[in-house]
Amino acid sequence: MQKLRIRNKRINDDLLMKKRREELDKWPTGKEVDFDEAVAYQKSLPDSKIWWKVMVKLREEGRMSVFPRAGTPILENMIELCQSLRDSGVVLIPVTTDSYTRLGQYEKVEEILKECYKTGKPLLNGFPIINYGVEKTRKLIESVDAAFSPRAAGGEIAIAAGMTTAEAGMGFLGFGSYSKNMTIRELVESSQNGMRTIGWYADRGVILCKDLHGWLPSAPFPLSVNIVCLIIEAVTAAEQGQKALYPLVHCMGNIAQDLAWIRLAPRLIREYLDKFGYQDTMITGTCPAQTPLFPVAMDPGGAFAYLTYVSMVGALSRSNAVDLRSIDEGAGVPTKETHTMSYRAAKWIFDVVREQKIEFDVKESEAEEKVTEIEVRAILDRILELGDGDIIDGTIKAVESGVLDSPWSPNVTVKDNVLGVRDARGACRYLEFGNLPIPDEIKEFHREKIAEREKLEGRKADYHTAVKDLWSLSKGKIAGLPPYDK
Amino acid sequence: MKKAPTIITGTVGVDAHVIGTKVVSRALRDAGFNVVELGMQVSPEEFINVAQETNADAILMSSLYGMAELDLKEFNEKRREAGLGDMLLYIGGNLVIGRYDPKEVEPRFKKLGFDRVYPPETDIVAVIDSDLKKDLKTKGKM
Amino acid sequence: MQKLRIRNKRINDDLLMKKRREELDKWPTGKEVDFDEAVAYQKSLPDSKIWWKVMVKLREEGRMSVFPRAGTPILENMIELCQSLRDSGVVLIPVTTDSYTRLGQYEKVEEILKECYKTGKPLLNGFPIINYGVEKTRKLIESVDAAFSPRAAGGEIAIAAGMTTAEAGMGFLGFGSYSKNMTIRELVESSQNGMRTIGWYADRGVILCKDLHGWLPSAPFPLSVNIVCLIIEAVTAAEQGQKALYPLVHCMGNIAQDLAWIRLAPRLIREYLDKFGYQDTMITGTCPAQTPLFPVAMDPGGAFAYLTYVSMVGALSRSNAVDLRSIDEGAGVPTKETHTMSYRAAKWIFDVVREQKIEFDVKESEAEEKVTEIEVRAILDRILELGDGDIIDGTIKAVESGVLDSPWSPNVTVKDNVLGVRDARGACRYLEFGNLPIPDEIKEFHREKIAEREKLEGRKADYHTAVKDLWSLSKGKIAGLPPYDK
Amino acid sequence: MKKAPTIITGTVGVDAHVIGTKVVSRALRDAGFNVVELGMQVSPEEFINVAQETNADAILMSSLYGMAELDLKEFNEKRREAGLGDMLLYIGGNLVIGRYDPKEVEPRFKKLGFDRVYPPETDIVAVIDSDLKKDLKTKGKM
């Protein structure tokens, strides 16, 4: 096998500058971006607005913050919303953009935005950063003492406005969860061309941080595929100059697994960053995330329980951030009030549990960590083998052959030959392995665990089990016992 | 026995949520329907074109991201123009932005041409067994 | 030292029957009680209404139920309330009586009850069992498929109506938390005279269950005094014929301590029941309880977090019941809606966490268990010494001399020379030992732990610290870190 | 300097909650007042009798259990009869049953004779420093 490497056409600087301008010229507000002024503005920001510094400070001081999702189209309402998040202890604030912005339909956004102001109603499902432009977005950021992150779209307008995260690397989220026809080759193309921007800022002393999502599991599904993708995202981002990143770790509701994955993901990411030569890229923390379906709209009690469960897992694992949604997640875009009520609950857990510095062992967690580690290494080894040492080549071939695969994808170019279900204790197991190169004895382990559930329920696990499991956590029923008195 | 009715599924507009419409499609297939599964981000025009091409008996449209009304502004007119006035039209999902009372939202979508409007997290199997089969029979499609 | 024993004037059967009738004659509804019919009715109850059987079933099947507090004066509303509790998974249902009933002011209750029906408003803070009488209360119990427990008052009307818990033994709750002038001698008197009733039913095959409260800690205060009193309550109840009981274990918010106490309390109760010769009295489970002040009325997020925290502790400790209050506990008597929302949150945690059968160790928990055990044994040994082997004599002398003491008591005959505060990790420590016979090295341990907090806060712990700590958990701040950015 | 004003504390009726009135009493003592601490379950008559005996300047009454209005029905009349019309009267705690809006409840207790009415979980030290000292000064008692 060849030396580990990342194939990369590093774009030349002139072309980079031209491409950046082209991107910005797609909407008039792009003119507001003066690259040098943007750097100067970023450098003038206080530490409390710089994402990576906020995360490191939280970690060093043994604190935590919720990292929520929030966006509403009217600027004044957005300011109020973010201020109320800050008041409930959130220091990592997202700016969720609307779906039209994400697809570059700025004209349409402009029209609807006018309608929003006319009616006073939030007709967009997020805050359209591009349409607002630098100056107005700065107004948002300057009115709240916290670090800001544009979600999914915002480009250099977000950076110039003082947000301090940015995307680089191969984003499996866009490929696996948001696109219908994009091929893995197209993902590589698009992510390698544009993304030197982050490096450009880094060269000038501005470190933008990034959260790694990996390929969303979308349902109760073992996290090994996701962690493989976290690693791919990390090394490709580092290659493009990203100096600070941290993984979201998708919590599925089984404590032993959740804790195992929270330990495993950053450990393996570090290992591979180092292996590929990116010792200077830092991991700023770990962010357990609330992933499976949320409790239904009519069950705020369950929703609170779910979010405090994930907060508790975050606190017990001494994470510095937790990716949480509000109790209205199953109902629709939340209001300011449900946001703050939700994160005050999380903060209560953080403050009460995190500060106890509890040292504890969960017996099965070590075994789960080992199983997932073997799976991750098996998939990664095969990828590097397929790429003859080049992780990008390998990834392309892996996706095309289903060596890397994930269920429920909207993307028609994805194999989608895999499926997960829970076992008798709610842990996620592979029901269908597709073409994943999981070692035989590990496959056997999954089958045995599923068999335990089958015995308990008196029926074979199949597609319908997987569909039912979409809601199992949401309904507070991870498997196991039949209803009381039945 | 008649030929199985043809049903089109998909999420409208630029909505990327796909899991629901996948589950819906499979449930329809399992129930014996002929399903044309368009997946996510289907434009109103595409729904209409495919309906014409396939001579569809119904569309079971999904929208999760809250902006369905914006996406569907001209849909009803166009489908009437396309001669699909008699085709059964259902929609389900999270139909507007924020928590809402389905009773208030239903008439708005009925105005947009939908025969039935479903609140978030509707049980699709129940809908097929009750509403869909009944409506198709009423229309003589089953 | 003499053989362990309980001084007891066992009342003769004729006198018992006379006293029971006298008690019932205090209000006209007492006539509805026919003792033999009551026994027959109890024996006709299905298992799902028999408290001890429900608890044992929960334990055997690895399930949990909330044990809430709920009472509202209008019968129809009470039925609706209990039904909605049942719908949210509660199978252990309380009937909290109003304060006037607790003090025997039935005439006043009757008047207000009329007013309640006239206005449709709940003017009493509970359900007045005595005034309703057997027939009407049976209506309540027959309309909900769950086990019922009268809270604090209800007497034999409650039993005849089909409730399946009853009090016997020396109730420290009434002495330490509800009464102003009662002496410990009076407590002994009153609890020894009347309480053979439970034994009378047991003799006829009707086992009524009992929750042990111990002397309420009322504030962050180490649980050793409370556990001593749990033991006293258990053995005195057993002596009077109670065959089934279980401890409430007051959770103070420090996980290591809470888990330690949940293990320790039933273990020591069992040990002393056996030592005193009550091998046939069963412990039907353990019930962690939400004890310190509740989050303030304006913070439903914090309230949810608090109740899910206790639910989580209950689930992790594999308890079969958890004593929970609703999110409105800080505001006032909760409505049906807040009750059910709250317990659905708890049920979510129970179902998700309990069924995972997590095996785990919390490092400091063992040490906490040892410390509390030493304290409990030291106090109990002194009590038995003072009583020359008689636990009742010993208890009387112990309370009179402050060897048994608790803070914040309304009772003027209590020493109240002790005080607790939290340490730097939120664990409860003795700030003032009063006359408690705690061994010197353990006293030193408490002082060291408090010193850690004093260092962190830069001020000596004193009365004001204890007052502040009344709210520390309620505010989600168990000690520790200064506010963010300060 | 004048003699320290005399303040009576306690929970009214058959209310057994005592922690709050203990904290209130200690805070008053710490602030230099002469405190007559009656503890829990103090009847309206006892408050009046002790006020007469001690020539008290104020009563800081507590009620947590929600039934204060029932307990205080005839209190105001009796205290006027007892010649205590000028004495300062405060009440605090959980004043009615259930979650309530303090603004709605305040006038009801003002009618019962109270000069000031406090919502649940009021900070007693702040009350002493602001309201109580001011009111006592206005009445010439401090």
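As written, the chain order gives the labels A, B, C and D, with residue 1 at the start of each chain.
Keep this in mind: contacts are C-beta pairs under 8 Å (C-beta built on N, C-alpha and C of every residue); 3 or more make two chains touch, one makes a residue touch a chain.
Since this is a predicted model, take the numbers as computed values, not measurements.
Colleague: Chains in contact with subunit A and with subunit C: which ones?
Modeller: Chains that touch both subunit A and subunit C, as defined above, do not exist here.
Colleague: Can you work out the whole-Å distance between the CA centroids of subunit A and subunit B?
Modeller: Centre separation, subunit A to subunit B: 31 Å.
Colleague: Centroid from C-alpha atoms only, then distance subunit B to subunit C, rounded to Å. What do you get?
Modeller: Distance between chain centres, rounded to whole Å: 55 Å.
Colleague: For subunit B and subunit D, what's the span in angstrom between their mean Cα positions?
Modeller: From the centre of subunit B to the centre of subunit D is 65 Å.
Colleague: Name the residues of subunit D that each touch 2 or more other chains.
Modeller: Residues: none.
Colleague: Which residues belonging to subunit C are in contact with no fewer than two other chains?
Modeller: Counting only residues that touch two or more other chains, subunit C contributes none.
Colleague: If every chain is a node and each touching pair gets an edge, what shape is that graph: line, ring, star, complete or other?
Modeller: line
Colleague: Let me know each pair of chains that touch one another.
Modeller: The set of touching chain pairs is A-B, A-C, C-D.
Colleague: Contact residues on subunit D for subunit C in the complex?
Modeller: It is residues 13-19, 22-23, 26, 39-41, 65-67, 70, 94, 96-100, 120-121 of subunit D that touch subunit C.
Colleague: Where on subunit A is subunit C touching in the complex?
Modeller: Contact set of subunit A toward subunit C: 48, 61-63, 88-89, 91, 253-256, 295, 299-302, 304-306, 308-309, 311-312, 340-349, 351-353, 355-364, 425-426, 473, 476-481, 484-485.
Colleague: Could you please specify the touching residues of subunit C with respect to subunit D in the complex?
Modeller: Those in contact with subunit D are residues 98-100, 102-103, 105, 112, 122-125, 177-180, 218-219, 296-297, 328, 330-335, 338, 408-410, 412, 463, 467, 470.
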